[in-house]
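First chain written, first letter: the chains are A, B, C and D, and each begins at residue 1.
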Amino acid sequence: MAMNIRYVARETGTNLRRNLSLTLASVVTVAVSLTLFGAALVFAQGVGNMTARWKGGIEFIVFMQPSATQEQLDSVRTALEENPEVSQVSYIDKAAAYEEFKQLFSRSKDMIEAVDESAMPPSFRVAPSMSDADVIQALGQAFQKKAGVREVVFAFETVRTMQRITRIASIVIVAVAVFLLVAAVLLILNTIRMAMFARRREIEVMKLVGATNWFIRVPFMIEGLVHGIAGAAVAIVGVQGLNWAFNRGLSNNRDLKIFQGFVISGSQMSFTTLLLIGLGCLIGALGSGIAVSRFLDV
Amino acid sequence: MAMNIRYVARETGTNLRRNLSLTLASVVTVAVSLTLFGAALVFAQGVGNMTARWKGGIEFIVFMQPSATQEQLDSVRTALEENPEVSQVSYIDKAAAYEEFKQLFSRSKDMIEAVDESAMPPSFRVAPSMSDADVIQALGQAFQKKAGVREVVFAFETVRTMQRITRIASIVIVAVAVFLLVAAVLLILNTIRMAMFARRREIEVMKLVGATNWFIRVPFMIEGLVHGIAGAAVAIVGVQGLNWAFNRGLSNNRDLKIFQGFVISGSQMSFTTLLLIGLGCLIGALGSGIAVSRFLDV
Amino acid sequence: MIKLENVTKIYKGDVPALRDANVNIDKGEFVFLVGASGSGKSTFIRLLNKEEEPTRGRIFVAGKDIGSLNGWKVPYLRRNIGYVFQDFKLLPNKTVFENVAFALEVIGRPSHVIKSQVPAILELVGLTTKVDSFPGELSGGEQQRVSVARAFVNRPLILLADEPTGNLDPATSVGIMRLLDRINRTGTTVVMATHDRGIVDTMRRRVIELDKGHIVRDQSRGVYE
Amino acid sequence: MIKLENVTKIYKGDVPALRDANVNIDKGEFVFLVGASGSGKSTFIRLLNKEEEPTRGRIFVAGKDIGSLNGWKVPYLRRNIGYVFQDFKLLPNKTVFENVAFALEVIGRPSHVIKSQVPAILELVGLTTKVDSFPGELSGGEQQRVSVARAFVNRPLILLADEPTGNLDPATSVGIMRLLDRINRTGTTVVMATHDRGIVDTMRRRVIELDKGHIVRDQSRGVYE
């Protein structure tokens, strides 16, 4: 079916312009919902990165000297494994530590180049079998004096609080975002439907003059897609901006040292960007598709 | 001008029903924006209540025994005031402490009745002149041993972190909410405008048959108001729900003792409720008012 | 009742539709407007209803200069004027009954008046069986008759009719013309644009002929051509 | 070309508009449909275009049973049929040129064809000066002529015309009828509903008369009554 591209472009353009404020409202809603969605994602990723090492009941970490000998390592490992108060130990070797380091400082290439794998401290992550803070403190400190141990670091209460708060916050944000996504689909659906309703006599006339359904549909569908994509574009800018502002705001705070691990890697950001564009297209296609198929059949 | 109430009700009803899904989209957007707005407000109020005592650089609190004598009080006060490392001291007497207690436990009447004013510990809130954590620790602990002192409580790092995070979070949430409020106004404006656009021929005919502008306008304006109010109603339920879920979720967490002060008083809740209804009406009136005045003049 | 003083109407795009018209129509007159397609008949009628503003000149309706009428008074002017539109202009989502009733609702008539007058007028135009139909369910001629019924249900001072028989067969047309004649005899001033030679020639009333916006003939007891 | 076999159309609400019609129209014929307002003329025409479905009976157009036509084939049926609607049905936000061009765009004609054919057809109906006007800026008769132009710009096999002269003065009507006659002579089948006694009586073509949905007369070289 030879459908004139010029015709489709002209019709779509006319519609978008004619309903400018409705177009705007659709785009704003899509943008807001996708921004929230993206922000929640980034937030969750950041907190994930930040607290990654404290997963699974890990309460303290025994960092060894980078120069520690194999015997020293074995001795600490045995001591930990044989201690009845320790429920689980995992060993992070130099290579894994370097990977983690690269992840944390993915945005500062010079930092990564300045340090090499051999300078990394291997470590033991320890999950005790008791939850009493004093017992854990005593247990950890006992390893402080062992040969080859550089430092024992305990999970701050803050880390745990953070994990909980962010879990709740993420759920709330995602719930709101999903709610808004539905609203966005509804809205696009309605923008298109209203556009079609306002032009129902024209559509009727087009049909009577011999236009096929697709000839009438396509401009409306493209209109919906444009809404979705425009909204996604705004959202991507918004999320990048939020991420930037958050990093900047936090890195200047002495009290919030803990957030310095809150860094999103480039690949995580690309993933989010792609996801948002995909969602935008989906919302647009869904909204206009439903509208067009429900309100345009002969 | 004798305008038939039955006529207005009938017309408004017809419009609301005819554009059911558009009505829904409007209501959803109003609801989401107002819910966010309300949640931000409640959140800020809660954090405010929770961290109220730590305002203005207060780093530790010296709680006295309820039975402390006037001499003991005076001696502690003098010691604090004369200490060069203390920049500011404020005294909270039994009455003030009881007020604060009532505020904190405003929802548990039995708790308030079980305790009376004389059982309240008076306290000194101290802002040191230095910010070094060790110095503050030493300074506070020095008062631990004084006669009549029950306990010295330090600001957790968590409190400070919380204050900062919530400040940022509140700003972001309010920004998103305001953004959404604007979107909601735009959306109602557009719903009404589209309703009028879809019925432009009818409106033209009504005018030609001798209908006054107000006769045509009023049903549309009421439609917008209904959107705003319905959205506000949903938002109020949402905010109450969020508040409830938050309180419940937090009170079961041993790690989150700090949140136990996170309680919204009844009057704060009523204020929020009224504000949301007011905003709903405003949004509805604004949206439909603009639509009607911009698109209905002869 | 109706007076045009040097009235010129030029639509945007420099389309002159009425040029320097001077007409005086007395209370109770019956006037035919005739002329080729596009000669300005509908424009003439639209000016009287303040649906369009004249580019130049003054128009008096019922003694008032409608050019200087406040915007909010326009509806009240229109309530004194019944108007049969060339394209009917029915409200598509109201039934025949509601369409006619609307003209009464607008002026605040109580519902018992509406309930008695509307069926009566619908009977006059022969639409008793179509009371609850929507305009989309009517034939062209039936729609035109609804438009006629709405135009004089509130007994206006003036009745403007823009080709009220264009979609009617000769027999039904005669019925409508009898009705207009009866209304005219009760004192209503009637201005009717028409292409129907037969009607003009049998009625023998005043005829104003337009040609490209000029009034080229104004003849009492005239014929179509 | 067109064949109706025992066709009955009853609208919802139990309104019979056409009863048991049997008609056979050959290629190249010119047929007038006459009858009172509401007698079923528009219904007859709408059935041929598959705008309405018959309640009973079968309809053949160009040899095909259009009752068993797939939904997606309907547009292609309609492209072979020109249709002058009783209420014009112009697209309000397209200019006169665009309205006529639309009928060609829909069938995928290249733009150079459109650019040459549309002005030619607009000249035939006497609208050269109105090419860039919107329908809202035209008189009733001018709109009707745009509708006529659109109906045969793509040289259809069949031309359905529902009172194409209802809003035209006698002189312009004669012009349009000459045009229809010319189109008919090039082999196009024409079915035209009309109330215009003068036209029917001078053309002397086949006349089908409807009365309350019944075909009461089918006469070649007939008159209006």
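Note that in this section a residue touches a chain if its C-beta (ideal position, glycine included) is under 8 Å from a C-beta of that chain, and two chains touch if they have at least 3 such contacts.
The structure displayed is predicted, hence computed values, not measured ones.
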item	value
Chains contacting each of chain C and chain D, listed by label	none
Both-way neighbours, i.e. chains that touch chain C and touch chain A	B, D
Remotest chain, chain A as reference, centres from CA atoms	C
Length of the line joining the C-alpha centres of chain B and chain C, rounded to whole Å	61
Whole-Å separation of chain centres (CA-atom averages), chain A against chain B	28
For chain B paired with chain D, centre-to-centre distance based on mean C-alpha positions, whole Å	67
Multi-partner residues of chain A (at least 2 other chains)	none
Residues of chain C touching at least two other chains	none
Pairwise touch network: line, ring, star, complete, or other	ring
Every chain pair in contact, whichever chains are involved	A-B, A-D, B-C, C-D
For the chain C and chain D complex, residues of the former touching the latter	11, 13, 15, 34-38, 41-42, 86-87, 133, 137-142, 144-145, 162-163, 166-173, 195, 197-198, 224
Residue ranges of chain A in contact with chain D within the complex	1-4, 7, 201-202, 204-213, 215, 298
In the complex with chain B, residue positions of chain C that touch it	49, 51, 71-72, 74-76, 78-79, 83, 85, 89-93, 102-103, 105-108, 150
Contact set on chain A toward chain B in their complex	19, 21-22, 24-25, 28-29, 32, 35-36, 39, 156-158, 160-162, 164-165, 168-169, 172, 176, 179-180, 182-183, 186-187, 189-190, 193-194, 197-198, 242, 246, 249, 253, 255-256, 258
